[in-house]
Every structure is written in C-alpha cells, then in structure tokens.
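Order of writing sets the labels: A, B, C, D and E. Residues in every chain begin at 1.
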Amino acid sequence: SGAAQAAEPLKVGMLLTLSGPPAVLGKHIQEGFELFVEQNGGKLGGRDVELIVVDDELKPDVALTKVKELLDRDKVDFVAGIVFSNILQAVFRPVTESETFLIGANAGTSTFAGRACNKFFFSTSWQNDQIHEVMGKYAQEKGFKKVFLMAPNYQAGKDSINGFKRYYEGEVVDEVYTKLGNLDFSAELAKIAASKPDALFTFMPGGMGVNLVRQFNQAGLSDSVTFLSAFTVDGTTLPATKDAALGLFSSSQWTPDLDNAANKQFVAAYEAKYGSLPSLYSSQGYDAAQLIDSGVAAVGGDLSDKDAVIAALEKADFASVRGDFSYNNNHFPIQDFYLVKAVKRDDGAYHTTVVEKVFDDYGDVYAKDCRMN
Amino acid sequence: MADPVLELKGLKKSYGALTVTDDVDLAVRAGVIHAVIGPNGAGKTTLINQIGGQVTPDDGDIVLDGRAVTAMPVHARSHLGLARSFQITNILPGFSTLDNVAVAAQAHAGHSFRFFRPVARETNLRDRAMTCLETVGLTDRASIRAGALSHGEKRQLEIAMALATDPKVLLLDEPMAGTTHEETARLTETLEGLRGRYTILLVEHDMTAVFALADTISVLVYGRVIAEGKPEAIRADPEVRSAYLGEEEIL
Amino acid sequence: MTGTLFAVQVLNGLQLGVLLFLVAAGLTLVFGVMDFINLAHGVQYMLGAYLAVTFYGLTGNFFATVVLALAAALVLGLVLEMLVFRHFYDRDHLDQVLATFGVILFLNEGVRIVWGAAPLSYPGPDILDGAIPIMEGFGYPIYRIALIVAGLACALGLWLVVTRTRVGMLIRAGAANPAMLSALGVDVRRLFMIVFGFGAMLAGFAGVMAGPIFSVEPGMGDGVLILAFVVIVIGGIGSIRGAFLAALLVGLVDTLGRSFMTDIFKLFLEPSAANQVGPAIASMLIYVLMAGVLFFRPTGLFPAAGRS
Amino acid sequence: MTAPLLEVEDLTAGYGSVPVLFGMTLKVHAGEVVTLMGRNGMGKTTTIRAVMGLLPPTGGRVLIAGQDMCGRPAHEIARCGLGLVPEGRQIFPTLTVEENLVATAANRRGSGAPCWGLPEVLDLFPRLGERRRQMGGSLSGGEQQMLAVGRALMTNPRLLILDEATEGLAPLIREEIWRVLATLKSEGQAILVIDKNVSALLALADRHTVVEKGHVVWEGDTTAFRADGAVIERYLHV
Amino acid sequence: MSENLTRGWVIAAVLLLAFAALPPLAEATGHSYLTVVASRVMIYAIAALSLDLILGYGAMVSFGHAAFIGIGAYAVGISAEHGLWEGTLTFPLAMAAAGLFALVTGAISLRTRGVYFIMITLAFGQMAYYTASSLSAYGGDDGLTIWGRSELFASPLLENEWSFYFFVLACLSLCWWFASRVVGSRFGRVIAGVRENRARMAAIGFDPYRHQLVAYVISGMIAGLAGALLANHSEFVSPAYMSWQRSGDLIIMVVLGGMGTLYGAVLGAVAYLALEDVLAGFTEHWRVIFGPLLILIVLYARGGIARAFRGEGRDG
C-alpha cells in the first residue's frame, strides 16, 4: 500500500489565524509555505500536495472543530501552522493523539517543549523564551543598569518577562502588564520616563507594537531610553511604523538580509511573488514546508511507518533560510539568535538587519524536562 | 361613620420648584365612591401614583386599611387590595385581551413560582378573566392582541384588568376618557353596581359621570384640596366653578 | 516626583477621555440621540483610517487627506444608509444589532481584501510634529493637542446642534416617534439619512485623526466600538454632555488604573501577586466602573431628560 | 366650484391581513367643519391614519385639493396642509414643551391668513407657558392634550384634524377649545373632528358622518341629524 | 397560543430525531467527523436555548451570556485539574457555579433595563473574562487542557464519541423540554408580561425583579451546563469561551433563529454554525458573503428563521 499511498496527493492542513488584527501573521506563514510548495513544483517530498487552509479565528474551540475536520474528514497527513499558543494548546492533544504530524510554524509554548513534549510535534520557529532570552543576555552584556519591562497581560507576555530575566541580572525598575489590545500608551510612557531606565524591554506583538513604537517615538523617548523588544519590530509591523522604528532593537533568528544562499533565493523569490519583503513568519512557514519536504522525501513518500518519518524529520535535512538548524531532543530547533535592528533599504523598504549574534546554536531550557516517547 | 380604608396624611410631592401635591389630607371611607376632580395639571394623577406606589412622596403618609404603605413597593400594595387603572393606557400589548386580564387574576390567585403546569389549563383564571371582560363589554374581543384594540377598547381593558385583581380599593384615573358616550354610560352603570362592594377613588373630567356616581367629591387645584363635600355642594361652590367647572351644562 | 507623575497621568487620562469622546461622537448621535443601535460605527471608524491611508498615499498631504477621507466617508456612509440602515429604522433594536453586525463582518473582511492584513499608517502633518517637554526626557506630542482640540470642538458642536437647533429637536422627535413626526410634515427618512451620513462622517473623522497615533489594521474598530458604547451608557443614553463627561471619566479611571493599580496592590501584596492581580483589575476597571455607575444610577450619570 | 379640500372615496385599509375600512367616503370643503362619529372600534381613527398616510390604504382614493395623494408618504400629505391632533396625544417626550411646539412649526395655509405662532398658542393655553421648559413626557395628561392641539395649530393647517382632542381635558378647557374651534371656523378654517361630546359637535359642525364597521352609514347636516333620532339610537346609542 | 405550542413540539421532535439519526448516517457515509461538529452545534443550541428563555421571553438581552458557559467549562476544567472527574458531581457543580454568578450579577444587572442591561451584563462578562485570563494556575490566557472527559458513575462512558454525542442530545432534549414547560407556566407568563409592560405587571401585583432574577438564574444554570459539555467536548477550556464576541454570537443565533420560540434558538444555532462552516469551506473571505447574507436574512425573514415556519410577517 506504500506505493499506492505515494501516488496519492499529500494532504497538509494549515491551521492559521486569518481573521482579526493578527491575521497578518497567519497570512505570512501561509505565503511562505505556499512559496516553497510552488518552487518545488507543487510537490513535497515528491508527492503532489493538497493544501487545505483553515482559519481558527483565534478561537480555541473553533480551532478544535476545524482541526477535527482536518483529521477526520480530510484525513490530512500533516497539520502545519498555528500562530498562537492558546490555539496550539487547544489542538495539540487531538492532533498528536491521532498520530498526525504537527508542524508548529510559530507558537512555541514551554509546556510542549518540556514535560508535555510529543514525538509527533515539530517546531520550525523557536521556544518562546529564547527570543526574550536574547534580549536579556544582550542587556546584561551591554551593562544596562536599570531596565523597564513591559508586556501584555497574558501568558505569552508573562513568559517573555521571565525569559528576559533569566539572563538579565540588573535592576528591574518596574514591570508593567498592559491590557491586551491596548491602544494608547501615554500612561505607560509617562511611567517609563518617570523611572528613567537605561532601556525598555518590551514584547508587544502586532498592532499594539505599532502603536507603542510610534508613540514612543512621538514622545521623544527614543533619545534617552534604549528600546529592546521581541516580536515588536519585525516585518509585519515595519510597513506601519516606518521611520519611527528605525534603530530600535529586536531579537530574531532570522532577517531578510541574512547571508546564506537559501535565504537569498527565498527573499528574492518572495519579493518577486508577493511584492514585499518576507517577514520572520514567512521564513518560518517556508521552513515548515521544507521540513515536511525533507521528511517525506526521506521515506520515499510512504508515511505508513510513522517512526521512520519521525526519524527523518528529526534529521532536519534541509537548508533552512536561517542558516544553522538542527533538532533538539524536544523537537525544537537548535539555532542562532541575533540582535537585530530596523533599517531602511535604498528603495524605501524597511527591514530588520543583524547587529550581532547573541546566541550560537542555542537550545531552550525546557528540553531537559522532555521525555520523548 | 365607618373608618376610612384609605387615608392620606400631609402628603407632599414636588418636582423642583413645582409643588404638585401640597400637603394633601384625604380620607376615603369604605364602600364609597370618592371623586377627585380638578383642573389639568392639578396633581390628580400624581396623587394616584403616590397611592399606587409609582411615585414616592417627599413627605406624608399613606395609610391603607390601617397600615402605613408609604414606603411599600408597588406590587406589595397590590397584594393589600389596591388596584388601579392608568390615565395613559397601560396594558400588555402583545398579550391577548383575555390574557391581559387573566394575568391580573393570576397575581391574586396564589404565587407564580410555578414552573411546570401549563397556565393555559388553569380554567379558574380564564373564567375570572372572562367575567371581567363581560363587565366592561369586551367579550367579543377576548382573543385579539390587546395592542390591536381601538383606543376606546383599550380604555375598557384598563378597567377590566383592575377589576380582575378583586381589589378592596380601586383607583380609577379617568376611566371614561376616550370611550364613547355609550360606553361611558355603561361604565357608569358598572361602577354603580360595584358601589358598596369596592371602595373607589375616581378621577374623572366627565362631570356627568362624576355627579352621577360620587358620594363625596374632593377638588384639587394646584396640588391643594380647595373643597370637599357632597356633589350638590361642590356643584354650587363658586370657587370650584371658576377654577374648574366653568359654565358647562351638567345633565 | 510621584506628584509630577500623578499630574502627568491625570493629564493623560483627560486626553484619552477626549480621544474617546471623539471616537464616540458619531455613535452618540446615531445611537444616543437617534436611537439606532449601530454596531457598524467601529468599522466606519476603521474605514476612515483606511481611506486616509489611501489618500495620504495619493496626495502626501495630511490636510488634503482629511478633506478627501471625510468626503469619501460621507459617501460610503450614505451608500450604507441606502443599502442597509434605512430598512432598519423602524425595526427593533435586536434586528439592528444583527444587521449592523453583518456590516461589520463585511467591512472588516472587505478591508482585508483591499488593503491587506498588515497594519498600515500615515504620519500627522509636519506642522504638528514634535513634542512639548513636560517631564525629563518625555514630551507631549503636539499632534495630540490637536486631537484634543478636535475632540472638544466635536463635543461642543454636537451639543449645540442637538440641543440648540431645530434639526436637533427634529432628530430627538424622530427618534421618539417617527410616524408622528412625519404626520407633522417632516421627511423623517431624509432627516435620518442626513443624521446617519453625518454620523458616518464623524466616525470617519475619528478614524482619520487616530491614524497618526494608532495603527491602521483590520478589526481596529471592534474594541473602539465597545469603548464607545461604554462611554455612552455611562453618560446616559441621549445625552451629549453625559457622553462627554463619561468619556473623561473613563479615560481618567483607565489611565490611573493602568498607572497605579499594580503599585497600590504592592503595598499589601507580594510583588508577584500584585503583578498578577493589579493588571487584571486594571484591565477590567472600566467595566467595574460601568457596573458601579449603573448600579447606583441605572440610566447612567446624566440621562437625557424625558427618556425612560 | 373648486375641488373639496379633502375627498375620500371608497377607501379601504386594514392592519396586517385584517381589513378595517370597507369603502370609506368623506368630503370636507374649504371652511367646513365635518365630524366623524361612531362607537369604539368602528374605524374612525383608522380612517384618519389612512388619510394621513400613516397606514397604507389598500384601495380607494384620497384627494387633497383635487390632487390624489393616496399612498403618498405622510410628510407629503401633511405638507398639503393637513394638521393632525392624533388620538392618544403622541407628543414628543424628549422635547420640552416649547420645542414640541416650534420643532414642526410651519405655515401651510398659504399667505395672508392669520398665523398661529408660539405667543398665540401660549395665550390659548397659559398652562403650557408655565411649563415651557418641562419635558413633554412629564406633563399631565391634560397638559399633553393641550400641547398636541397647540402643536397642530402651529403648522397652520388648511384642514385641522382632531381625533378626540378633548379627551382628558377639564371642563373649562374643553369649553375653551370648543370656543376656539368656533372662532377658527368663523375665520374659514376647515376642520375634521372626532369627539365623544356629541352636543358640542352638533353645535359646531356643518355636517356629520356616522361610521359603522369601516364604512359610512349616515351623512347629513345638524338639522337632519337632530331630526333622525333612529340614527342616533342605532349607531351611537345616545 | 396552543397552535403555537403544538408547532413547537412538532419542530422539536423533527429536529431531535434528525440529531439522533445523524451519527449513524455520518458513519455510513464516511463523514464521522460530523458527529463531533454536530455535538458542538447541540451544545451551542443549549446555550442559545437558555438565552432565548430570558431574551426572547423576557426581553433581558444578556450580553455576557458567554460568561456562564465559561464558568461552567472552568468548573469542569478546574475540577479535573484537581482530580475530580465524576460528571455526576462536576455537572451540578458547573450549573451551581454559573447559577451563583447569575444570581449575584443578575441581582445588580436587573436594576437596569434595555441597552443599560445589555451593557452591564457585558461588563460582568468582561470581568469574568479578565479574571479567567489572569488565572495563571489554570493556564491563564492560554487555557487549560483537560486530559480526558468526565466520568459518569466512575465509568469512562463519555470518552466514546457516540455516547458523548447522545449524552449531549439527551441534555438538549431535557433542557428543551424543561424550557418549554417553563414558558407555558404561570412563571413564564409573568416573565412575558414583564417584558410587555413592567410597570403594569407591578401594578397588578407581581414583583418583576424577583421573577426576572429567578429566570436569569435558571438561564445561567442551563448555560453553565452547556459550558460543562463544551469543556468535555473540547477537552480544553479557555477564557476565549467568555469573550464578548461569544456572547454576541449567542444573541445572533437567537435573533437569527427567531426569538421567543425556543425552537428558533436551536434552529439559529444550527444555521449560524453550519453557515459559518460551509461558507468557510468556500473561501477564506467567507465573511464578505456571510455579512450581507445576515443582513438579507434579517431584512426578509423578519422574526428569524422560526418565522418562516409560521409563514407570516411581523406586524407593527
């Protein structure tokens, strides 16, 4: 039956957040993924691909029904995507229990990196804390004495602050948790100004980040306070923040100008196809497709021996656009992390660029709790 | 002389600078029809609203059957036997005419925290409602949605709802307004038939009906009772004539 | 030190309040005065901002952008009125909720198709660039002062129109009893159309003005919509003065809560516990405020006279 | 002869699928006072509503000064010069007394004729003057009634339509209204009136129309009405 | 009235039979996942039913109804987290918790009417939402995975998709039956009367507040049951269950289906979720179709889908 299966199209279900303000993240992952499939002649691992994209609406129970449809109705071979950790939380169990491969292209919750890791789950992004640890380490190395921390009041926000504090040992002058979806940061900015920190570390994804960056700039704080951030200054927000973000720092495992062959052709092809620079999320979507491609190819398109597929995936035998990429025991990547900053290209496009490498071949701290079975 | 069932003592109500009820004392004896008349805006409806509980007086007492009810909520007063009709039609427009009356009957036939038995099968409520509709002459409109009744018919329904609660004291605010001559006559007859059984406080601008029915009349002007007495005396009172009655012929 | 910060935060609160009023102004008119539950107010606000993005791209001039976006918002508002809203004036509130919810779905998605999902932006005018320093290293952006002026002007203008002009009377009358008003010779349909168009323009105006400080993205109107309703309800439906004062109150409470709630909890809780409780309470503070106000004053702070 | 001010021919109308009017016919000439009489629920108000365009007629014609206005929107009909004092007052509760009066004020009578303005109305109902800044909704029933009459007068209509305009008014005010109507009539104002006060109607009106179950069963002048006791007995039960 | 009631029973019977027939049909046609989808639909139908009880019959437009669902769900989730899996305990617990929340918030909310009521219930819903979001011990914003389903008398019966499905169906039938008795009862008539004219009901001797509060609590408890079922269905609970958008969805289901008919609420839930599912299958931009469709439905099917079964328009 292996050969017969190999003749059928490979079914990949993409579960993404495609509505509401964060829709852009899902969209970019999808675009990155689709780009690779297209470049690969509509195939992954030698098999034709049938891609089923569904919107989780950022509602966990909707995600759950949708994923059950993917599993039971469409009988997909892979579920890929997943932008937010609460969605991952909701669908993790049904997908892995049905022994379907789950390729996380963004959300990287600590639970699934540590004690609840699962052999069917592979991440092509990062473990949440790592991105924040980059900033903590940088702030520590740079010798910032006083840092002001700010994040939205939800789990990922709290994780970010904890991640930062793991490496930063200086004084935290204040820790502020803002309402999710906060628009106006005047109050917080005034507080920051009043406590006179050396740096601000913040995690403000999406529109919140855009608002913060612009208002930070308008209030003239950029002169006195170093802006360190995670998921705040990136390819999805730069088109909106424009000049206001120039020179602001962020952390990432990837930038569009990262110097490797895979990335060069990826960025060029992406720009040609979609007319704009890819973002971090597009790169993760692209790598997710590459990962599936490599795994399926290694078993000759025959997915019936799951363990063989897992073994193949664990090899991560593809040229990641971020350069070094290998899998840790918890199926999260071991990779390099950079301090990046926003710059403007000659043609007026904004993007992030590497300032310095902060971590080399870095794995996450939860991996030690993972007992893969 | 019988004790009053309803007594107002020094009742006061103001809206800002406007004093609408100005130290009103009123005693309504059991079984009589006591009319309150007075010019528009004299404070009659406000008075009834205070007795009924829709408006809270600023000062003074309302005593019903020997109990002070001044601070009692509306529904509790109803359970002491107080029922009223409204000057500005106040019915349940989406209910059938019959159900309007039946629900009024239900309020006074045991509690309503009954969740299972279909109320439609409670024939006693239905029968009582039908009797009341008959009294006001609306039986042939029983199944019509009350909101679809004509203005005059709604006025009649008002009375039926008040009657259905089987009250001790009936407050009627312009029951004849909006009904035709014929209906006014019929209603006068009906009220006449109730005399002695209920105590009725009647506010009305139809002088034919008032003088035909009232045992006692109080005249309210600018929130004060300026005269009180037997109908003949009131009719003859020059002050009342100039403030209210005018020269209109009273049949 | 803390004194200065407190003063600055009070100022921030008031300015957020004025901003909230600006955003709620159109809804005050359409929902508060005209009594039409327009959930689409938020997407109209969003549309204003998106139109501004486009016109800014075309003209590169902020003031031209404002004028063009307002005109476009008006036109789109009138189109919406003709296609949807006018058929629901005499329907009950819940039908209006459903229909305008349909408009939300359509426009939120439509905007995504036309402008894409990524956040967009455009700058304020150059002459309003810069900031007035009010604290060391911290300035008050001049553009925000312009916003406050715009908000105050809206408040005053709206109040004058609704309470002092014949049109205002007619709108209130039409909201209470449209049939009777038309029997007195007033073309209620046209009146409502004008009011609605004006409301759409106000919503659009708020969107245009918000663009230079907030990100322009699909769904940006949804949260704003709820805030606008909160403001109107706290103020008392139908009252412009109430809405204005409520907006200030909400702005103040929200800002002060965000600024000091956690610190207050730190006085008697472990810092980590305070960091748990403080932000949670601060997030829900305006709802606590609303519940509190409605508990003591079930029809808001300044209910419009004669309305029950 | 000029066309009658209002001419209703064979008008049918109803609520939902329930017909109420079965061929109403009615004529009011300029300067004439006409009554509509009939027991409760016979269709008097429905006739008015159909004429005013508040209820879509299902058939027949409504001619205003010779122009067919049947099925036109209410405001167009009102602008032809019809001024309504509706049943149940229907004043605007969120407007003050003064606003209720001035909001829809107009002159629909054509030029020259004496005009009802705010001073004239407040003069007619001094009580409204005392309550000028009060919200319409908090007026007493009678005060609201005065306001409704005042509001209609301030549109200076060519035809004044009064649907139970004296309901809830004190005897003195009632007399005052009848007096004013008589004055108006003498000035050439056309009036269509519904009222329970038959004797006052007989004194005021030129012609009477008796409605029974949605159509006219009797029509004639006051003399004929007084003479025809059977009609009164049968349709009005006076 | 009675004609109305019989129609209700007929539609209820048809719908419930259709639900009962679904799993075997789905299985036979190879669409077994439909069973999962349909059980979610039924759970929302229960919630919509509970909302209709107060919204349709009592004009209490609760815009925080999702909070009851969330509380019911969290009651099950938190119990499981602490090792309590017994459904015969956790289901009543969920209902009691939701009922208690309804009692407290209802006591305050019912002082207001109309739009004010809508907004104050929204406020309480949001408070519940933010509280759940900050429950770090139970996953906070990320939600809480429940590693299994409730037991019934210590048996893992509900683990089986079919038996869970029929358990939900039984709950729906029971709630439906209960609700239909309530609306026809004395109590139901008082609730409807207060909707029609509160002041008048007080004047004839009813305490509107007390009756409304009881109705509100009943409604909250039924919604709590729906929440408990939802937690079992998803084996996951999250603050997202309580978001105001969810409360809005419920209102839309009820209005779309037709208020004050009970079966309308169920039809509304089915139609809303099915439409969403089907349209989302067509295009990722399904909302550009769904939005106008919604408008057209309200415009032309006055009184919701239920009205179509009666073949009449709504008057005045």
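Keep this in mind: a contact is a pair of C-beta atoms (placed from the backbone, for glycine too) under 8 Å apart; a residue touches a chain by one contact, two chains touch by 3 or more.
Remember, it's a predicted structure, so these values are computed and weren't measured experimentally.
Q: Please identify each chain that touches chain A as well as chain B.
A: Correct list: E.
Q: Give the fewest steps needed to get from chain A to chain D, where each step moves from one chain to a chain it touches.
A: Minimum step count, chain A to chain D: 2.
Q: Where the centre means the average of the CA atoms, what chain is farthest from chain D?
A: Of all the other chains, the one whose centre lies farthest from chain D is A.
Q: Measuring from the mean C-alpha position of chain B to the mean C-alpha position of chain C, what distance in angstrom results?
A: That gives a centre separation of 47 Å.
Q: Let me have the rounded angstrom distance from the C-alpha centre of chain C over to the C-alpha centre of chain D, please.
A: Whole-Å distance between the two chain centres: 44.
Q: I'd like to verify one number: the distance from the centre of chain A to the centre of chain E, where each centre is the average of its C-alpha atoms, in whole angstrom.
A: So the centre of chain A lies 36 Å away from the centre of chain E.
Q: If you average the CA atoms of chain D and of chain E, how many Å lie between those two points?
A: That gives a centre separation of 51 Å.
Q: Mark out which residues of chain A touch at least two other chains, giving numbers and ranges.
A: Residues 18-19, 153, 180 of chain A each touch two or more of the other chains.
Q: Mark out which residues of chain C touch at least two other chains, giving numbers and ranges.
A: If we look for residues of chain C contacting two or more partner chains, we find 108-109, 112, 279-280, 283.
Q: Listing for chain E: what residues touch at least two other chains?
A: 133-134, 136, 287, 316
Q: Touching residues of chain C toward chain A in the complex: what are they?
A: Checking each residue of chain C against chain A gives 1, 4-5, 8-9, 12-13, 15-16, 19, 108-109, 112, 116-121, 123, 131, 133, 135-141, 143-144, 212-220, 223-224, 255-256, 258-259, 262, 275, 278-280, 282-283.
Q: Please give the residue numbers of chain B that touch chain D in the complex, ascending.
A: Interface residues on chain B, with respect to chain D: 15, 38-42, 44-46, 87-89, 141, 148-153, 156, 174, 177-185, 205, 207, 243-248.
Q: Which part of chain A faces chain C closely enough to touch in the complex?
A: The touching residues are 18-21, 23-24, 26-27, 153, 175-181, 183-184, 186-194, 196, 206-207, 210-211, 214-215, 218-221, 223-225, 236-237, 239-242.
Q: Residue numbers of chain D touching chain B in their complex, please.
A: My answer: residues 15, 18, 38-42, 45, 87-88, 127, 131, 138-143, 145-146, 164, 167-175, 196, 198, 236-238.
Q: Looking at the complex, which residues from chain A come into contact with chain E?
A: Contacts found on chain A: 18-19, 53-55, 58-61, 64-65, 68-69, 71-73, 85-86, 89-90, 92-94, 109, 153-156, 158, 180.
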